[in-house]
Every structure is written in C-alpha cells, then in structure tokens.
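Each of the two complexes below includes chain A, the first together with chain B, the second together with chain C.
Right, the complex of A and B next:
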C-alpha cells in the first residue's frame, strides 16, 4: 500500500512537468500590429527585454507574409526564443488593414485560449508598425504605453470602454456594430484621436475624441468625460466657452410609432460640474447661469443630432440602437430595422444639471 | 429478498443532498447555455426552470418506485423480482452499461478540456491513468468514502468557483433579457427537453437507495438538491444572457469557462485556469459515484465482489479512452450518453413504475379473491 502511494505521488508530481515554459526562456509579445501594404500583410510584435531592475526596453520584430495566419510562425523564424502570445495587451490594426476587415484576426483571438478577454484592440491612422515604433521610441522604458493610454482615457476621460470581449459582443450582435480607439501619429508622439467605427468588421470612419464623449454617454456609461461648449458670442477666443465635466449621466431610449414612421426619443440627463468658464459669467448672477444651461443643452442636442446623422449616413450602429429596439419589439427583424435605420427620426433631449463649479467663486 | 445492508455502511438521509447535487452538476454546466440560447434566446431561463421542475417530478417518481416496491432494494433486485432472472438480468446489464458510459463520458470530456486549455501536449492516457487510480482509491473505500468525496465536491466549488461567475456582471446588458416570452411554447418545450439532460445524475439513486438510512425520509433532501442545482443553472443562464448575445455565444465552446476570463486579480491574471483545476472536484465525484454504481450492479447481478470487478472496469475505461481522441467523437459520445440517460429516467422509470403499480394492484386483487 505504501509503495503504491509512493508511485501515485511520483506520478502526480511528474505529471506537472509535462510542459514548462520558464519566463526567461520565452519571448513575451505584449503588443502586436497588423498592416496591409502592397498586397502583403505585415506583422509587428513588440516585446520587452528586461534589463537591470525594473527597466524594460521595448523591442520589435517585423515580418511580412501574403496571408494573415502565418505571421506569428514567421515571427518565430526571427526570434531566438519561442514566441508566446499569452501576455498580449494590445493589437493595433493599420487603417488599410482595418478597411479590408479584421474578422480573421478577431475570430482567431476568440478561439485562442491563451489571450484574455481584456485584450485591447485599436486602429492606427496610417501604419500600425510606424505607430508602434514611435510609441516605443518616445517611451524608453514603458512597453505598455499604448494599453495604459487607452485604459487611462477609458477610466477618466472621453473614451468609451472597449476590449476584445466588447468588440466580439458588438460584432456578433445583430443590433450593433463595433468600434475601437483610434490613434494618430503626431510628429514624434502618439495621440489618441477618437473612436474608429466599423460596419461589421470593416473600418468605415472615425469620430473625434470630443464626439466620443457623446458616444460614451449614449452608450450608457455613467461617469467621467469632459466636454467643451460654446455658450456666448463674445468674439474673443476662449472667452465664450465652458468646460463641462460629467459627474453622473443617464441615458434613456424610447421607441415610438408616429404614423407610418418610427421615432426614437433619446433622453439624456447629465449631472455635471463646470470646470472652467469665462470670467464674464461670474458677475451676472444666477439668471445668466440658467441661460447658459439652456444654451449648453441646445448645443449638446445639436451635436448629438449631428452624430446620429453621421451614423445613419454611414449605415452603422455603434450605439446599439438595434439592440435596444430588439429589447422592446416582439419578433424583431434586424433586416427590416436596418432598412428603415438611415431615415429614422432620432430626437435627443438633453437635461444638464450643474452640480457645482469648483471651490472658488 | 436479499439480506439488509449492515448499518455501518449506510449514510444519513441528509447526505443525499450532496450526492445528488454533486452528480447533477458536471461537464454540462460549462456549455449548457449554447443549445438553449440557440433555441429560445433570452427566454432560456424559463427552459431551465421548466426542466428543473420536471426533474423534480422524475425524482418523486423514482422514490415512489423504490420505496413502494416490496423488495426495498435497488433497481437490480427490482428487475429480478418482476422480470425474472433472465429478462431482468438483461435490463440490469443495460443499466451497468449506462453507468459505465456516464463515467467514461465525463472523464473524456474533462480530459478534452484539460488538453484544450492547459496542457495541449499532454497525452490523454497519462491523465486518465492518474484519474482512474484515484477513482480506484476512492471507490475501493466503499460507498461512504464516495459520499464524503461528494460533500467536498459540492462545498469546494461552491465557495471558490461560484462567486467568480458574478464578476462578468460588470459588462451586463440587462436589456438582453427583454422582451420576455418572445418564443412559442413549442420552442420552449424543445429547449426544456434539451435542458432536462443537464439535470441527469439522480439516476444513480436507483443503485444507492438501499444505502440510505430511513430511505423514504431522504426524499426531501433529494428535492432540495435538485432545487439547488436549478438555482445554480438559473444564475448561470441569467448571467450568460446578459453577458453574451445570442449570436456570440454560438461561437464559444465553453461559455461558463469564458465567463471566468473576466475576473482580474493582481497576482494571477487568468482565473479560468484556476476554475479548470478546481473543476476536478466537480468531475471526480460523478466518476466515482457512477463507477461505484456500476460495480454495485455487477455485484448484485453476478455476485462478484466490488473489489474484484472494480479494477477490470477501470481497465476497460482506460483502454476505451485510447480510442477517443477526437473532439467529434467525444461530442458524439456525450450525445449518446445524454440520450441513454434521458430514456432511462424520463421513459423507462415511469413505464417501470406503471408496470410495478399495476402488477401490485393485480396481485392484491388476486389475493383478495380466493
């Protein structure tokens, strides 16, 4: 009996040795870029090399291939250590690549048990390779610069939340289209420029970071984001704008039938603090602030209408309006809905409550 | 009538709760959402409840059958009493095959998950050897040891895995639940039939019933176990409906494991590996109970000691595992087992009950006449 237990113990212990991959004997890819140039695909992998202490240096591997799938195997042929994608944090698509569709990559990611659901995706204005190179050059020690940039902006600024799970959710849903962060190279720096919009899996356009504030609220995310609004006509630059910071927002949709057409009412209630406002507002008392509030609401409504029209013209639905209509319609027919979608009457109604204006008067 | 089992081998009635719950919740929990949501989308939770209620009825029927049959024993002695040695023996042999198949299916499915997620390079036989050795150790300890394993197989996953399924609510789209009742009754019935398979596991009761102290009083615990299983499935389907949409879930092989990709803790990035490891404790009791039940059938049928038949049975499973390597084979195996289990529990047991009931009535009438 004792000998049997010994055998069993040895078997269990040795079973763990099946395949071990020590951390310093693999090449951990943290970011990956995909481009399409001159009929060939280019893959760029960014991996950290660990120097003394916590210092890491981002390094790059690049390879080209006529197909997408063998980019990672081809990267291996340039790497001394086995390439592992388990720590991938960001995948960047070049604009040209994104225009041709990203399904191949996202489906393969959805099947890959090694990558997590929190993986970030993004679109680069030109080539993903150049952008990754720029990011690697400007940040000498931080290999996670781009993923951190996205996460920071999602948590405290205007960018709506995105990741692999949300991308796949919106991609597969018959009632919505996916979107991703959109980056641009500005000189030697990388800048987050807004939100890249997709129809199914193809890139079709983007909106600015300012408009993505509206998207964020309309998507039902309740907190954070800043928005600059014009409230007066005082001519001088900057003297007629207020800076709004969203503290808590709520959006509500209502789907109605108006004669032969459908109407979508969108109610948005923003509890905001005014961060910065022109000096002339200080002297004019409470009444003028109410007037400014009215102007803000009008301008927000105007901008939302513009955003809706843009989506309708492009025939895309990043806000998931189809999903909402499905939830209030029996036997929802997605084809019929999207035939009607471009001419749908969408009416935003915005209420702004100014909670406070800071600690100074 | 065979002699009664000694009291030191019996278990308390409330332990039935753990045995039934442990055998009900198995591999199916990881992907039961897919066929359901394909059929009825956001109304899948109704199918879960309907199937759970029908499982209650089936458990009730099973208790009626076992407690009202005069033999007071298990299904094998019941077969022998009503169908004689030969026909009854053939029926019991069928039961034996079903139990062995159930154990085999669970083992192969779990090995497949291990191979896909954790150790892609490991051969199936290494893992199945370890697993079967452990099963030998547990089952040779007797039924009480198997029940002890079931207790841990319920408590540990409940405390570790179950809390994890709530993390995905961060991404919940509650409007996915609307509109309620958007599917026809026919579709719901079809989905419920599919779902009843996930409640299977209580059919092991047919063999361990004589091992329960004051067996009829354990019925409430069996129903409690089924209700608890229903609760777990209900929570999981609700979370899956709000987390995935109907199309997306069709592209995910194990939706419950993918749910476990969401929690993030600083010291371990990917919780699904932890879930898969702890899942051994979910899978192991099922294998142990069904192997135990199979050897029990052999003992009752051929008077072979369980200690003797156990290694032979395990060896058969081990050799059989060599032939099941491909995913499609395992899927087919699962389908067969599910079908067999469904016909056993939902068709055979009610018919048998009807037969026994009529036979008793007739017997009574005949006795009163002369």
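Right, the complex of A and C next:
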C-alpha cells in the first residue's frame, strides 16, 4: 500500500517535469526560408491557420537578424504562441544564403530531435522570402504547396530524390557532394527549375530539369522521368522530337586503369516507352524505331558527357563517383582522387530499349 | 444460532440432540408442516416444509402409498419403506444434523412411533419451482452453433454436459458450500484427461471456502482466485455448453454451482478469454481472421485514447501533415487540455453503459440513442470535445465489446484509465511504462497455479496452434500441453490428417 502511494507520488511529481505542448497552444511552422540581404539574415516562417474546417490558410512571419541562430527566437517575439519547428516540411535557402554556405542550418537540423529526416531542403533562385510568399498566394488552402511539388516531381518526374537525410549523407561523405531542388519564380508562379549543386555546403551552380533526368538515371535505378529528344531536322518545332518516358533504367559503373590514366565506364540501360513521336516516323517501314533508337543513344551519351564535363569543371561530384571508386579501391585517397577528377575520362554507354509505343503496336 | 454455527458445530462435535428438539425448532416457521396419523395400527408422523416440497410427489408417491400399503405390511420398519414408497433412495438416519439439512433441502421426514430417534428421508423437493427452464445464452451469443445455455438448476446443467460427453470417465464431484445457503457445488472433469494435481487444487480450495450464502458462481470465482487484487478474471465463466465441454475435453476443470447459470472453468490462460465458440464453427480461415480482429480490437480499445492524449499533449511532431488540419481545427474551441477532454468523454461513455445495463431493456435502448447521438453531438457543438476524439472514444468502446467474455470486457474498460493518466503525465513513454507494467502484472498472475500468460510465458511453441491462429482440425488433435493433460490426443491425429481424395 505504502509502496503504491510512493509510486503514485513519484508519478505525479515526475509528471510535472515534462513540458507539455498541447497541439492547439503552439505555433506550428511548416516551412522556413533563409535569406542573406545587405549583411543581415532574414528568416521567413510559414505557418498554417485553421479557420473554416480543415481548410488552411498559410500565413507568414518574417524577421531579420545579424546571425542565423537568432532567427527562431526572434520569430517568437512576433507570435502569440510559442513557435515550434517539429512539423517542418521544407526549408528554402535563398541563392545568396546558399552561396555563403548552409552548414549553420543543416548542422543544427542534424542534431534536432524534433525534425524528421524526411524534411525537404531547396534553393530559391532569388530570395526565399519572395518565393514562399508567391507560393502562399498561389494556393487557396494548401500550406504544403512546395513540399508537395517536390515530392510529386521526385515520384513521377525528373527530379532525383532529395531530403535532409540524403543531403547530410552526401555532405558528410568524402566521395560525394550534395544537391537540392532549385526553384524559380516565374511571374505569379513558382516553378521547379532543376537541381542546385553544392560543393561541400556552398551553392556553386545548377542544372536544368532536363539534365536532372540524366542525373536521376546516373544515380541508380529509377522508374520514372520523361526526356525529349531531337531525331530529325524537318518541319516546325515539335515535329522532329520524340518524347521518351522512362519505364526502368539502370546504371552501372566500371573503374578501369588505362595506361597511366583512370577510366570510368558508365553503362546505362534504359527501358523506355515512346509517348509521343512525329507522324512522319510511321512511314519509314518495319523497323520503326531502329534509327530513332540509335539517335537517342547518341544524344543521351552526348548530353551525359556534357553533364560530366560540367561537374568536372566545377569540381563537384553530386553523382557520388568518389564513393563508387572508394568501394572498388583499397586505401582510397580522397584528395588524390579529386586532384585527378577534373581530367578523369568518363565514358557513358547508353542502351535504349523501346518497350512499347502505346496502343496499336 | 450464529451465522457460522454450521462449521463450528462440525469442529467441536457437540453431543447429539434428540430428534424432538429439532422438530421443536423447526416448528417456529409457519411453512413447516407436521402430519400425524395412524394407519394399520402404526402411528406415523410426517414432517416437511410446505414451501420446498412438490405437492404432487407428496400426495401421489408418499401419502398415497403410506396410507394404502402399510396395512398390508404390519411389521414394517422405517428401513423397509423403500419397498413401499416409490421414491428413489430413501435414507434412514439417526443423525439430527443430517435430518435437519435434508428437511431444509425439501426432503420429507417420516417417523414411526416405535423408532422415535430415527427418520426416513424421502426426496420430494420441487427442483424447478421458480427457476428458469431454459437459457438462450444471450449474453454469450453466437450466430452459428447451439443456443442452449446453462440454467440455474445444477441438475439440468449436469444433464446437459453428460448428454454430450458420453464416457464413464466424466466425473462429477459434489460438495456443499455456504454455512447458510448450503449450496450444492459440483466439480466436473474428465478422468484420465485432467491433471490430478489440478483436480486436487480445485477440491482443496473449494473445501477451504468459508462463506455464508453463495449467490452465484462469480462469488466462488473470486474466492478461488489465486490473486484477489488483479482486475483480470482468472477463470472463465461461461453459460455456453459447448465452451464448457471444450474446456473439459482439453483437460480443464469446470465448477457448477446450484443457482447459477454460469460454469467456472480453470485453469484459464489470458488467450482463452479472446476465443469464441464461433471460431470453431466457422472455417478456420474465417475463425482466425475474426480472432485476430478481436485481438486488434482489444489493443485498440486500450491504447486509442491514451495515444490521442500523448500525441496531442507531447508529440505533435508525429501527426501526419494531412491530419494536422482536422485535429487542430477540431481542438481549437476546446477549453480543456487533452487529458480532461478524454476523461470527460470516456466517463460519459461509461455512464451510458452503466445506465444502459441497470435499466430495463426497452428504456435502455432509448437511452443509448439519446446518449449516443444527442450527448455526442451536443458536446461537440458546445465545444467541450473535439469531433476526432468522439470518434476515437466511440470506436474504442465498440472495440471493447468484441471480447466474448463479459468479465474480460469489464477489465478492458477499467485498465484504459491508468493508461490515460500515464499518457497524460509522461506522454508516449508513459504509455510504454503502462504497457510494461501491465505485462509484468500479467506475467505474475496464476490461475490454479498455472501461469496466466501461457503459452507465451513460459513459451510453448507447440501450443500456438490455437492461439492467434485457429488451426484447421487436422492440426489440433493434440491437447494444449501446457495444461499437462494425462492423455495427449483428443482424437487420432493421423486419421485427421488423412486426405480422402477418392471416395470409394
């Protein structure tokens, strides 16, 4: 009996130690933007307000500070309820901020137990604040417009998978560099423009959405994405293009020594379906796509070479080639490898299999 | 005469009282009848309780034969009455205590003047007077399967059992419990199947019970229990015949008690409380599915509202983004913290249930509708609770009804509350503490000395055939070995596994 009371007492006393945060008494922020302007940092938080039923309206809080860490406490001084970051879904960096390095944020996120590793990160072409504002204005009730945009494009389109976990993995790994989705403001809309590339934690450039398809394939097995190819020189715009839909692609790397130099062979096998093609292709007889296939392979190889050259020129490795080489090299030396990297001979070999071309084939 | 004089007397063995003193005592009661008459030169006295005796038996069997046949047997003694009176087992005794007990149970005592200290006892009790004739087992209803349930009359119950267990090994052991009620209690088991150790434990525990009136088997259940502080029922109590017989056949012991339509079955394990006879009447795939649904229902019923409390108070990070809007919106007008909100609704539901159980059926139905719809809707409209919680609590209440044994569903109703308090104090980790505490408690429980968590703790793989999965009958020939039955197989396992592809 006495022991029972003791337990009950302990329960009550210890229960007082936990700080409770009832869900309706906190300000949940779902998106956060960081900018660097005129020597000061600007933080923008997007939080939902629930007015009519489950319909939500995105609202914004903005504050500026000379340091980054100070931003969230400063936001609290503008909010009636304590600001809680446990439901963060997206963090957007302004281009200027990203150029100066994002470690301050990601390092704190890596240790924050409230934030999940599924958190998405992104880079805005100009200011993150403007982009978040535009996104908030384009949607009626969806506070998660940008995260949904990214997820949708990762799942069914050309964007390679990114999130905080993968960012940190690529950031800390000696054999790869991180990349993030890249947004641009087009008029009153927000548009996904491609992939922003980082050297360590600094933004160094970006590639287009079309090239990000190649990145997606080169990063590993993938089942989606579309790619448009030029197959002829006739007629108007669009009449000489083939729209390729990736069904299943696989990439394989081979690391060889060729004399004094190293050679990286990249074998890419794409099972694709042709979604749209110009009508003149139909007249060329039985082997409808034999010629097209050849052209596709050549063009893909050409584009991949271009992409590799771009990465080599920027001395970045978003594809994790260093990681691959490390996996097949004993005593891999990161510095030595990246000294050689800009002049590395990377040879893409693309095989395209056209699986089907729609009804009637 | 004190309340416990019955067993005190046994202990001290007081000197025998003369029989006349007994009649003197019984005469105080106005329903005690004493008839004296002379027939064929014999002076007879007949004593009985009017309220206990079946008048038809009394007149047609006893009076009729005594009056007509004694003149033809002038030298008849009490011991010879069996030849005259067509009543089974006439007992002649000098023991006043025995005579008293029998007369109080509806026997008719006949004395001759020549044998003043002896009485012949003839059973003429109106066994079924005022008792139910049948029971449709509505409290443990099953759509498929027999609908006959046990009734208050223990004789009928034994008959129902004996009808289906046609073996000389079925043993009924009778004893009398209760200093005032002298209730007839019967232990039933199958000799050669049930472990003698269990039978001995049951007999010993029953013999050591000292109580005045045994109203129902539920009282025996509590007096027999290994641990009286647990909210968990340690024995199954059932009104279904099939369930009782299944228990007997698996090697368990059943206890019947006069005046109670329930049989108490032990040793019972936790999992026995979640099996329903219907599992065995449906094909095993369906039986298994419904059994799993029931387990899910119990887990849901216990954990749903604590998780609501924990998540809304401490773990807002865990809410999926699509649920965030509806939850926050429905919570926004509620003035209480989540704990009070949950307790308020849970207690409302408990009130409804309790009120529904105490009221006559027809009123209870109306009350259910009024309570469920009106109060539910009104509390949400008034902003006292959130709509989501209303759904959670209602589903949890619904899920707790899926347990086939009523006692267990009561337990589930109760253990939800400590879970809610733990969740309110410590959040998710509090729920884990509560679950651990519950498992420790369950692990310590015993039923007639057998661990309650069998076959999980101690772990018995072979007995798993009939726990989560109700295996097909080709696999269940072996009795659950954790009960340590004397015989291993219920039926021939090889014959059960034989495939009859070709019907010759």
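Everything below uses one rule, namely that the second predicted complex is superposed on the first by the 344 of 361 C-alpha atoms of A that agree within 3 Å, B and C clash if a C-alpha of one lies under 4 Å from a C-alpha of the other, contacts with A are read in each partner's own complex, and residues count from 1 in each chain.
Methods note: contacts are C-beta pairs under 8 Å (C-beta built on N, C-alpha and C of every residue); 3 or more make two chains touch, one makes a residue touch a chain.
All of these numbers come straight from a predicted model, not from anything done at the bench.
Chemist: Who does A:166 touch here: chain B (first), chain C (second), both, or neither?
Modeler: A:166: touches chain B, not chain C.
Chemist: For A:279, using the defined touch cut-off, is the partner it touches chain B, chain C, both, or neither? Pick first, second, both or neither.
Modeler: The answer is neither, since A:279 touches no partner chain.
Chemist: So, does A:56 touch the first partner chain B, the second partner chain C, both, or neither?
Modeler: Second partner only.
Chemist: Classify the contacts of A:38 with the two partner chains as first (chain B alone), second (chain C alone), both, or neither.
Modeler: In the superposition, A:38 contacts neither chain B nor chain C.
Chemist: Kindly classify A:260 by the partners it touches after superposition: chain B alone (first), chain C alone (second), both, or neither?
Modeler: In the superposition, A:260 touches no partner, neither chain B nor chain C.
Chemist: Figure out whether A:144 sits in contact with chain B (first) or chain C (second), or with both, or with neither.
Modeler: The second partner, chain C, only.
Chemist: Taking the superposition on A as described, I'd like to know which of chain B and chain C A:116 touches: first, second, both or neither.
Modeler: both
Chemist: Between chain B and chain C, whom does A:21 touch in the aligned arrangement: first, second, both, or neither?
Modeler: second
Chemist: Does any part of chain A touch chain B in one structure and chain C in the other, and if so which residues?
Modeler: 11-12, 15, 18, 116
Chemist: With touch defined as at the start, can you tell me which chain A residues reach chain B in the complex?
Modeler: The touching residues are 8, 11-12, 15, 18-19, 107, 110, 113, 116-118, 165-166, 168-169, 172-174, 323-324, 327-331.
Chemist: With touch defined as at the start, can you tell me which chain C residues reach chain A in the complex?
Modeler: Residues of chain C touching chain A: 311-314, 316-317, 319, 321, 324-329, 331-332, 334, 337-338, 421-422, 424-427, 430.
Chemist: Across the complex, what residues on chain B touch chain A?
Modeler: Touch list, chain B to chain A: 116-117, 119-122, 126-127, 129-130, 133-134, 137, 171, 173, 175-179, 182, 244-245, 247-248, 251-252, 258, 261-262, 264, 269-270, 272.
Chemist: Using the touch definition from the top, list the residues of chain A that touch chain C in their complex.
Modeler: 11-12, 14-15, 18, 20-24, 26, 28, 30, 48, 50, 53-56, 84, 86-87, 89, 114-116, 144
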